[in-house]
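Look for subunit A in each of the two complexes below; its partner is subunit B in the first and subunit C in the second.
Our next item is the complex of A and B:
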């Protein structure tokens, strides 16, 4: 490490010596900004539990709503949207998602999550923003009991 | 200054490689993921519309009188092989209290034509019921004999959903 510092100092000294020979010098500087997109959810996991309190006598559908997850994003490209999908090809129960109170862009209509990505937020443009992800789990009495374990993926894509 | 050795040259090469490849380090991800678990537990929910059922008998009855009334039973159950039982909360109810279901519920389970409540023992009205949600009309009939006391009586009927 000491040797490396010595080398760096030698290089710096040599460069200084070279500049001293001229009263001015110029060079080209290129600033390049590549497309940047970043996405983050507030928690790595969320649990939805439909239990006795969610059932109404006589109604086939039982549901539960969760708004505990926030989504943060940043993008320096125009014409961008955020899509959402699940890894489950054939879930037993229905899971829906919608963006609430986005600070940028427009919330797409509530989507039933499937393996094919659906629009979640559109027209986010060059922006940084946040929203709440509202999940709604729906089960029918005729579907019985069970558990669906989803891996939900949100992606910034070209609109 | 000492001459550069092979070890020095190795360090220089490493330093230059780092500077060269720094702009090509991967940018932050454009995707984020989350594990979501949706769990549905067994649940049963029911209610009886019009909790009070009234029977009225004539002032001067014949030897035996029968009166009828009805109520609506509403349920939701997501478990298989359930049974709905009915019991009377009176140890010895006055007269004969009979209960039956008006609609055909054969697609949901095995329905008993009629049951007679004589004590608090629960009797099955529907057995082997499928996962379902629905409603049906529960018909009550009470038969009083002339010899029985004519007084206002209240009886509680209890509905339960259990496995079976």
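Our next item is the complex of A and C:
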């Protein structure tokens, strides 16, 4: 009799557990993420004016440095880098750029800007980050005077 | 005779305690209306993570049972890479739980609680608000594939 009672209780408990769930329903939810790249330079324009104050007696080269702009980027693709180029094919003076204090990736060596893209930041991978853009303008006394108006392009591309 | 009475009493009490002797037959079936959905994350602003996508195109339809019930939610998404959460809006009966983060293999988690019982019959609805999120570091579907969740809602006694 004890055995029968135990069976009855177990049966009732199991029935209770089975009946606690009334019904269920499901559906499919798909999350897609497209490749996204964003870039933004903090300031619209930079003026590098080389004047007499930048000249050192006995030296041909005069230079000036600007660190007033910064770069923000985001990329969710792997193996990416940021390159930099100028629209000027044959500038009179020399303009160089280098990334300072990047929060992600590795700054490439200072590049002389030309129409051919040069590495600016490498190994940024899938990240969002920022860095300071340091421009250096260099003029030789022998190059005389004038103005180079560069349009600088920064591009996220496959490394 | 005494043992027989004791045996019957035990069975009666067990069945009563289990609710077997009360009419708890399912009044109706819980349903997801609106079918399957796809959410696409495709924009971002410099300095911020990609913009989350919100979808409120689907809803739950659930019956009033004989007892107080609740709805739980879980998901199955093998190889999940991105974020997905859900919360009930415009709940017709019961109380919406805080937003539930859907993670592959999660246990059943409260979604709507305190759905009133008696009188049984009739259906209630709630809007399903899904929020899909991704960070730049989490990558993209072209390289990793989509996250395909099978989200299951279960109506159970509370």
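The rule is short, and it goes like this: the second predicted complex is superposed on the first by the 133 of 159 C-alpha atoms of A that agree within 3 Å, B and C clash if a C-alpha of one lies under 4 Å from a C-alpha of the other, contacts with A are read in each partner's own complex, and residues count from 1 in each chain.
One rule holds for everything that comes next: a contact is a pair of C-beta atoms (placed from the backbone, for glycine too) under 8 Å apart; a residue touches a chain by one contact, two chains touch by 3 or more.
Since the structure is predicted, the reported quantities are computational estimates derived from the model, not experimental observations.
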- Item | Partner contacting more residues of subunit A (subunit B vs subunit C) | B
- Query: After superposition on the shared chain, which partner residues are touched by A:27: those of subunit B (first), subunit C (second), both, or neither?
  - Reply: second
- Message: Taking the superposition on A as described, I'd like to know which of subunit B and subunit C A:134 touches: first, second, both or neither.
- Response: neither
- Message: I'd like to know which partner A:56 touches here: subunit B for first, subunit C for second, both or neither.
- Response: first
- Message: For A:36 in the superposed arrangement: first (subunit B), second (subunit C), both or neither?
- Response: both
- Message: If we overlay the two complexes on their shared chain A, which of subunit B and subunit C does A:148 touch? Say first, second, both or neither.
- Response: first
- Query: So, A:76: does it touch subunit B (first), subunit C (second), both, or neither?
  - Reply: second
- Message: Going by the contact definition given at the top, which residues of subunit A touch subunit B in one complex and subunit C in the other?
- Response: 4, 32, 34-36, 38-40
- Complex contacts: residues of subunit B adjacent to subunit A: 1, 4, 7-8, 11-12, 15, 23, 27-47, 74-80, 130-135
- Item | Sites on subunit A touched by subunit C in the complex | 1, 4-5, 8-9, 11-13, 15-16, 19-36, 38-40, 72-78, 126-128, 130
- Show which residues of subunit C lie in contact with subunit A when the two form their complex. 3, 6-7, 10-11, 14-15, 17-20, 24, 26-32, 34-50, 58, 60, 63, 65, 69, 75, 81-84, 130, 132, 134-143, 146-157
- Task: Can you check the complex and tell me which residues of subunit A touch subunit B?
- Result: 3-4, 7, 10, 32, 34-41, 43-52, 54-60, 62, 69, 71, 86, 91-93, 95, 135, 137, 139-157
